[in-house]
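First up is the structure itself, then whatever we jot down about it.
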Amino acid sequence: MKTNLQNPLCGIIPPLVTPLKDNETLDIESLERLIEHLIQGGVNGLFILGTTGEEQSLSYRVRKQMIEETCRINQGRLPVLACITDTSIVESVKLSHTAADCGASGVVSAPPYYFATGQPELAEFYEELVPQLPLPIFLYNMPSHVKVSFDPQTVHRIAQNPQVVGFKDSSANGVYFQSVMYAMKDRPDFAMLVGPEEMTGQCVLMGGHGGINGGANLFPELYVAMYQAAKSHNIAEVLRLQQYIMQISCSIYKVGKHGSSYLKGLKCALSILGIINDDFVASPFNKFQAPEREKIRQALENLPIENGKLIL
Amino acid sequence: MKTNLQNPLCGIIPPLVTPLKDNETLDIESLERLIEHLIQGGVNGLFILGTTGEEQSLSYRVRKQMIEETCRINQGRLPVLACITDTSIVESVKLSHTAADCGASGVVSAPPYYFATGQPELAEFYEELVPQLPLPIFLYNMPSHVKVSFDPQTVHRIAQNPQVVGFKDSSANGVYFQSVMYAMKDRPDFAMLVGPEEMTGQCVLMGGHGGINGGANLFPELYVAMYQAAKSHNIAEVLRLQQYIMQISCSIYKVGKHGSSYLKGLKCALSILGIINDDFVASPFNKFQAPEREKIRQALENLPIENGKLIL
Amino acid sequence: MKTNLQNPLCGIIPPLVTPLKDNETLDIESLERLIEHLIQGGVNGLFILGTTGEEQSLSYRVRKQMIEETCRINQGRLPVLACITDTSIVESVKLSHTAADCGASGVVSAPPYYFATGQPELAEFYEELVPQLPLPIFLYNMPSHVKVSFDPQTVHRIAQNPQVVGFKDSSANGVYFQSVMYAMKDRPDFAMLVGPEEMTGQCVLMGGHGGINGGANLFPELYVAMYQAAKSHNIAEVLRLQQYIMQISCSIYKVGKHGSSYLKGLKCALSILGIINDDFVASPFNKFQAPEREKIRQALENLPIENGKLIL
Amino acid sequence: MKTNLQNPLCGIIPPLVTPLKDNETLDIESLERLIEHLIQGGVNGLFILGTTGEEQSLSYRVRKQMIEETCRINQGRLPVLACITDTSIVESVKLSHTAADCGASGVVSAPPYYFATGQPELAEFYEELVPQLPLPIFLYNMPSHVKVSFDPQTVHRIAQNPQVVGFKDSSANGVYFQSVMYAMKDRPDFAMLVGPEEMTGQCVLMGGHGGINGGANLFPELYVAMYQAAKSHNIAEVLRLQQYIMQISCSIYKVGKHGSSYLKGLKCALSILGIINDDFVASPFNKFQAPEREKIRQALENLPIENGKLIL
């Protein structure tokens, strides 16, 4: 299995939003602009079709297109990770072949999310899935959306297959992240990546390898700087940067009443900054209307932005 | 919009299991046998690709095939309802056209199940979806699997479109079912159907229209008899039949430790009774092994079965 | 163990609100009026210090006083059941002795509600508690408040002690209620009572013994009539009365945004009808303010009330 | 209001187990030994009657006695914080006066845990409670046990009263802890303390003030060393100590099947080490039996313990 992945994968790997014109039309121009913005921002990989990328809301045609276009635009500059999370193992495998054919470096998979599985069932599912994949795989823990959480021992069991090369945890549970780190302590090549950007600093300080942080779509430099500061144990800098990260988290992601605030706010801010043309959000959601958009604009004005970049 | 649906749809509409040879191979011979078994059992419709039908675990190719084959075998004898629940509105619409093209009578949809929606978002989703559908639609409440529940007022709002013709509730919440009934009290044409077979008797006694009951795959006569007894207010008979329904519920569905017990037990019992050839369960689940299968066999032996039928 | 309890206890046993002047002052005059109102309304018992009675919000002094005053006012006319739910087994036992000393007929207990117990722990807790009680006990299932639910087999295990004489289920789960009924089918003396009044009709039709329904504080006649209609299998009457029950449920209990709406709405309506003097709700809640009170008043005006009674 | 509390309170403040002979008998000799063990271990305060202290399982008599005896044994050497969490505001206030009379330095309160409150109700509860308390108060976030979580803005609102001097978070949610830190960023005197010991290192690195860590009952030196390492930004030492903390967490707290494993394992280990005489756990729990006790003994043998102390 050939791949250009680091061992383990480190740094900031943004979970790209999927720029859309409507439910069925990818906005390729915006995607090009977004990818150049991220590469210039110094990120270490591109993670597509995750929760932030609205994979589940997209048709399979658009999911496939998103993989193809990202790999085409990237031209091998960064590792591309494609999320293949699905309730159907057949569709997951199919998507993984698209990813391999397009030159992606790895795939990412959260547990099937309609039926809730017990831990042995979850392990057996991955023991069936992984050998069918043409690429290395990262497990993705996302209990708020998929209803089940990988037990640390289940991660350990599944990762006995060396094709399983890392773990993304979006549980926000700090005890849990440490427990998986501890269960995997004999696997220094196994990447431990954290989803919520509010925890990237602390997770890297504690030995984690990086973050798959949605805010890096907006301000890649900020999260890359946080990663570097934490990796080099510069606590003062970690604390300084954390203030910006929390300001973003507590303003841009908190407009709107429902769980969709994060996604709507992120796309809205990206469109205000001109990184994507339109903040269309796929069904079942709708983009913000004018009053919410105005609040996002004000939240951005409260940040020290010049020429679309945070002045750190 | 042409349909052969009753107004409202009444009676027992079994949620068919999907007979499989493996993850990607529909067992058509078993499907034929199952459908004839159900029609002979007196059921009032065929509901395919629901939770019991493992829709989410099947590839889109197999989902499509299941619709085609069911409609072919049925030959218009009963209304066919096809579940189109999906996280992608585009895929839902696509599946609904397959259903219409094959001659199905209606579609059924539970809320998108990856992202959790707020109530206004849920209403807007259906206000966008329903006009794109070529068939009448039943809403399907399944909070344990999709994480959100339709508020009674959301049902009322969505059902202002007359294309929305009924509701299936699998919440098992008796207050909730009554609350939706009350919210819809001015729509006598709106079908109120209950998922859990343990509640069919009481729901029909209280004015509900029928049940979409998994056990009817096994013993259609039992659930049809329960419906008739409840509809005709024959309480003694309701109570007598309820004992069989509870015996099945507390034995066949309770082997195994995880939430998958119901599905595995049902398919296992169907294969023991010879209604389907094999009890293969699609990933992420596996069928029962010998010890569990033996327990199911014993549970069946404790029922008064002759020639594959319950002697009521 | 001497008791005047029926075997099993049947009918409508209202869970009395606790009339208060402030957090620490029982309003005895209102309690007297409430109890006379209930007895005249034809109820079959008085259940005090349940969830509707705000047991947990009251000091132990007031809990004790509520038992004493209720028994004094009742003068043996009806069985009195006192809720002794507590996180401390010692305090539960203490309260049960107060109840016995005052002449109560039984006690009611929901599981300890700070720590969540596993099922064997739950069974062991009751196997330790019950022998220390001087009165028969009813188990009380209230998972939304105490986080754990009695498995039907746990009910069966605990009820092997004949001092355990009944079960109150406030889960609203119709499958669950049937499952406990089925587990206890060899104990015709074991009372199966339902909490949510929206389900009293159907539960009694299905063989349940009655309801512990909060609305019976307001309109005891309505719930008693529902019980009688269901018990005598008069379905038309059940359906007619159910409309009133649902109207109350969907109006009086639905003002306000939080889970406390039921309690605040019930006490507010009781005070508007003059049954209690003040609708003071103990901390952590506060009674409704003027706009919500006005909505309750309107909800009452939409009911056919004459001289404080529903004209059924 | 006189108190000897630091401003903010910093360091390791163990949540003491409550040594018991039976449900109603405090083991004072063990309590004396435990407190001397902790003071020698260098901890910064004594936190009694928390979750680890089984407050809710104890009678009020024993709660009161625990406060009295702890303050008597402590003789003013360390600040004592007494948990007054209760569902009844009257009982909370009463307990706070006991604490003040005995010389405790502060009280700690988690939200009422029977009824779930909305955020405005929660704020109003504390706005009513705090002025009645004779001591400074720490808010205690414990959503798994009390069902509600303080919104960061609710903490900010309640803490406008300067009598509210700190926050203990046992949610294990790293994003949440950062969000409360950010909401309170203008209050450098407000103590931010973390419950789960697996997170103490990272929380202190990120600017938190310390930990209320159950494991400190066993090995106070370990957690004090972790606090010091994190406070002095010695990451290598943090990572080294974290291995011991995780080893304890993944062995001693993981014997047994239910949520009670932590408590039973902790008391069992304390009794094996001779710090407390007996590991009696109050109802609704029971202490471990021989096989589990043997596993705890083995877990302790895998730690580098000499003369009852971890060799760090």
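Labels A, B, C and D are assigned to the chains in the order they are written; within every chain, residues are numbered from 1.
Simple rule for what comes next: contacts are C-beta pairs under 8 Å (C-beta built on N, C-alpha and C of every residue); 3 or more make two chains touch, one makes a residue touch a chain.
No experiment lies behind these values; they were computed from the predicted model shown.
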item: Listed pair (C-D, B-C or A-D) duplicating the A-B contact set, over half by residue number; value: C-D
item: Cα-centroid distance, subunit B relative to subunit D, in whole angstrom; value: 49
item: Separation of mean Cα positions, subunit D and subunit A [Å, integer]; value: 35
item: Overlap residues in subunit C, where contacts from two or more other chains coincide; value: none
item: Graph class of chain-chain contacts, one of line, ring, star, complete, other; value: ring
item: Residues of subunit D touching subunit A in the complex; value: 152, 172-179, 181-183, 185, 196, 198-199, 201-203, 205-207, 233, 235, 238-239, 242-243, 246-247, 249-250
item: Sites on subunit A touched by subunit B in the complex; value: 23-24, 51, 56-62, 87-91, 94, 111-118, 121-122, 124-125, 128-129, 144-147, 257-260, 282-286
